[in-house]
Amino acid sequence: MVDLTVDLGKFKIANPVMTASGTFGYGFEYKDYYDLRELGAVVVKGIAVKPSHGNPTPRVAEVAGGMLNAIGLQGPGVDKFLHGAEYMPFLRQSGATVIVNIWGKSIEEYCEVAARLDAESEGIAALEINISCPNVKEGGIAFGTDLKLAHKVVSEIRKVTSLPLITKLSPNVTCIADFARAVAAAGSDMVSLINTLTGMAINIETRRSYIANITGGLSGPAIKPVAVRMVYEVARAVEIPVIGMGGIMTGEDAVEFLLAGADAVAVGTAIFVDPYAPLKVIKGIQEYLERHGCKSVGEIVGAMEKP
Amino acid sequence: MVDLTVDLGKFKIANPVMTASGTFGYGFEYKDYYDLRELGAVVVKGIAVKPSHGNPTPRVAEVAGGMLNAIGLQGPGVDKFLHGAEYMPFLRQSGATVIVNIWGKSIEEYCEVAARLDAESEGIAALEINISCPNVKEGGIAFGTDLKLAHKVVSEIRKVTSLPLITKLSPNVTCIADFARAVAAAGSDMVSLINTLTGMAINIETRRSYIANITGGLSGPAIKPVAVRMVYEVARAVEIPVIGMGGIMTGEDAVEFLLAGADAVAVGTAIFVDPYAPLKVIKGIQEYLERHGCKSVGEIVGAMEKP
Amino acid sequence: MKTGEIVSNRVLQDEYYEVKFYAPEICRKTRAGQFVHVKIENLKDRILRRPFSISDVSGDGVLTVVYKRVGKGTEALSTLPAGTVCNLLGPLGNPYSPPDNEEFPVIVAGGYGSAATYLIAKNSPGKGILLLGARSKNDLILIDKFTAAGFEVRTSTDDGSQGHKGFVTELVDRVIEENKDKKIRFYACGPTPMLLALAKMLQDRGCNDAELSLDHLMCCGVGACFACVVKVRADNEDGWRYARTCKEGPVFKASEVYTGE
Amino acid sequence: MKTGEIVSNRVLQDEYYEVKFYAPEICRKTRAGQFVHVKIENLKDRILRRPFSISDVSGDGVLTVVYKRVGKGTEALSTLPAGTVCNLLGPLGNPYSPPDNEEFPVIVAGGYGSAATYLIAKNSPGKGILLLGARSKNDLILIDKFTAAGFEVRTSTDDGSQGHKGFVTELVDRVIEENKDKKIRFYACGPTPMLLALAKMLQDRGCNDAELSLDHLMCCGVGACFACVVKVRADNEDGWRYARTCKEGPVFKASEVYTGE
């Protein structure tokens, strides 16, 4: 039997497959589909200090090989997340490994939500810091596209929590490896990538963007080659564990990320196509490992042949 | 009748549709398919000072919604290009509007090829500077991902030629509008975008990249949303004409780019699917304009509605 | 037969099609107003599911969807032959609460709204009225089925090609007037502008138990992605919040619908 | 019938299929060794064409391709029913120069190579020999057609399941020996490693007029993209250059093939 567990340093997961933040709600929405403990981890939709409406509609558009979204981080806020029955209390009870994705509009907001989660951290395996948000105080430059801001937000969060930190990197940068190095230096225990590529689609009849927010994030199979390349670059740049994602639809896709150097992977848009996609990905990885006579996932991590 | 001509400032083209460099050879390869004068312009594959083997094979791989390529700029070199029967002499005779894409491994090489073409510029409408090449002298950093280098290469080329200059921007950067501004300031008469997004695909059975060069450039429908977004950003950042490309398969796709702010467009990967794609795109644009009661292409350039 | 297998797929009328799937488990659970999320197997370059209201279910496990060909997905669906197996998720969403013996159901429908509300009529203990509006006469669908279910059907079209010329909402007051003696219960499904106008009207007339099926472009269909939200009244400083139509809807009480702005 | 319409599409043997297209114009122009570039209409998420050698053409405009199911494209192609119209580009590439009356054609083929060379045999003024190699007996295709064209067929398989056990190149020397008196003209098509080995052998034996069909993953098919290159001898400091197999090939002289490195 293949050992599917993955040791991410600060914690272990039962298998290398997580859900990508924003594509699996708070787990609750899929509770009738399967036992959440079957997943490596449940990564919940981004949580902020306060409840947030999110962006105006339409928020999504379908494009070739994927979709654009500008949901705009609608969410209940950290209070309700910690105490509302269908959020953290449900997740604790489910026994799932839970990673809480967090965001803010300023460093203070990031720290506040991290501190609040730290104070009631039972059942929380790690925090994933979404740094793709614009820093409202700094005039809207996204934390994730400015090296100094990225370092700053992670090091400030590091001060307020002892929970393992995963920093989720934006692909909309010239050199993503630089960002991985910066956040690792700032105390991030892991990195996850990629978030969505900024894109746009125009309805030529109405001459308006299909997305009310004008631009949206591209996800799905269309971005997989970019994601695999970035995982490859980041895995060679930092020592900390790497969680890879972007367009994973099948076990074979996930194996590509593992070979490129990801220690674990996340499934996002594929869940909209098939709620069972994460389980199928787990099975696909297992079959690949068996077929190749591997005893553990670790054997194929970064095992791409040099040319 | 709709007027399809486009005034690009330094020269006019019969319609807004060009071929994307590297996807239409030197025009010669398509001479039996149609009269090259039917195209807005023929943009030839990159020309350097010397002949070049290009990269080892395999050089292409198909991925969801597109392809990766690492052709590596195989080409005849500027001498043969200027005098070999199937290159510039053929193009001159064809009567096509010709744009010569150029590249080099150092600023000197860029300048040399530009100067050589300037000296025998009959039949050349413009030079397109491909700045996605690594600057070998500067340790391999691509000209197109470093603002100072991008400015430098364009301003040096500007000194050696009076031919109109189009700078072809790389999408693998944090803020493409900054690059557009930099090259405009350096004397570029226009910008074209986007070149390919760097990507990778791994054969999980052999555990090798499908591309001998490991990474390759992603093109085709998969990148269209990113391309439209970047054209939108660039068109708002600079006054000079913008040539948009990336995943254009149909007239509708092209109209999206025009609405986003492109003055003209280029068709690339679609030519591999259908050699007649550029003509179909011209027809599609024309039909759209007629259906919308427009008299000229210019009426829809940047005509996206504000939200 | 396999679950999701297409039993038949044919033109119903003009651009409207009727597809029947073999799906006994979904049929068993379905209540009026719910939908299925369909993976259209032959859809090229597009990966997302398409949501369709469940128009009818039969005792032997056959589920009917009535759809209009409007884009790539419905175009592709319209070419799928019997025997094709499609993956279906469902039944999804919150159903209408069915009229009880005392209530007189009045259904207000536009576009595919008659398909989405047919099960109310079919299962209604008493008779009722369908107010059906559309752009033109070719878009008025399922009149026969409603008539067969004992419903009176009154129509309106934007172009006057059949019935009242104008909006279907203009037929509402007369129905209220005519049925003053009855305990009218309104149900509605149709384009969002029509539903917002209707919600306002029904709120003004105090018909707060009216139920409207509001929807928006969907993605996951199960409440996970927040793509499909519409504004509903809320007890916060804005007076509204975004509710997920796939999970918290598509059926909402008229009183919940936020009609401001 | 429309150009590109599939006339028939059936299993030939094991994983090999035979598809016939109606394509009178292409048929008229085709010479042995050329290929068609096929847009496989039902291919999902993939957009590029697939190149296939033209195996046969008929006077009434029917073009035959014999293909092996190896991946997404050939898988999709194998499910297309008669009547489907595919866009075809062709005939593309440089053909073999046919044997003249004096010449004794010896064809060396591996994999789909027999399909790619059949037109040489069909049009040959005299008889000849086919040396056909494959992994296993199930991969030896078109033996009957070559026999019917008057060719002697000698086979080899890697696993010894039919004919000589070993490489097909090992059959070459005996043929040369046996036909010393004749003016042998070699033609070949098969996997690249086999062709490189064969090219070396033929160069050593001075058979410089031998013609080999070398190919590589293709994209445009017409010489525009430089995807499909292989190394050929060149008069430069490296001794080789990359030649486009779609345009400068797929047929090359044995003497041109670069076997170094």
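The first chain written gets the first letter, and so on, giving A, B, C and D; residue counts start at 1 in each chain.
FYI, contacts are C-beta pairs under 8 Å (C-beta built on N, C-alpha and C of every residue); 3 or more make two chains touch, one makes a residue touch a chain.
None of these values were measured; they are calculated from a predicted model.
Asker: Where the contacts of subunit A and subunit B overlap, which chains show up?
Answerer: A chain counts here if it touches both subunit A and subunit B, and no chain qualifies.
Asker: Where centres are the averaged C-alpha coordinates, which chain has the largest centre distance to subunit B?
Answerer: Centroid comparison gives C as the farthest chain from subunit B.
Asker: Quick one: subunit A and subunit D, Cα centre-to-centre, how many Å?
Answerer: Chain centres of subunit A and subunit D, defined by C-alpha means, are spaced 48 Å apart.
Asker: With chain centres defined as C-alpha means, what is the inter-centre distance between subunit B and subunit D in Å?
Answerer: The mean C-alpha positions of subunit B and subunit D differ by 35 Å.
Asker: Please work out the Cα centroid separation of subunit C and subunit D, and write it as a whole number of Å.
Answerer: For subunit C versus subunit D, the centre distance works out to 58 Å.
Asker: Where does subunit A touch two or more other chains at once, residue-wise?
Answerer: In subunit A, the residues touching two or more other chains are 64-66, 221.
Asker: Give me the residue numbers in subunit C that touch at least two other chains, ranges are fine.
Answerer: Within subunit C, the residues that touch at least two other chains are 45.
Asker: Can you name the residues of subunit B that touch subunit D in the complex?
Answerer: Where subunit B meets subunit D, its residues are 22-25, 29-30, 45, 51, 53-54, 57-60, 62, 64-67, 69, 71, 74, 220-221, 249, 269, 271-275.
Asker: Could you list, by residue number, the parts of subunit B that touch subunit A in their complex?
Answerer: For subunit B paired with subunit A, touching residues are 63-66, 68, 145, 172-175, 197-202, 204, 206-209, 212, 214-216, 218, 221-226, 228-229, 232, 247, 252, 255-256, 259-260, 288, 303-305, 307.
Asker: Residue numbers of subunit D touching subunit B in their complex, please.
Answerer: Interface residues on the subunit D side: 39, 45-49, 87, 89, 216-217, 219-227, 229-230, 236, 238, 241-242, 247.
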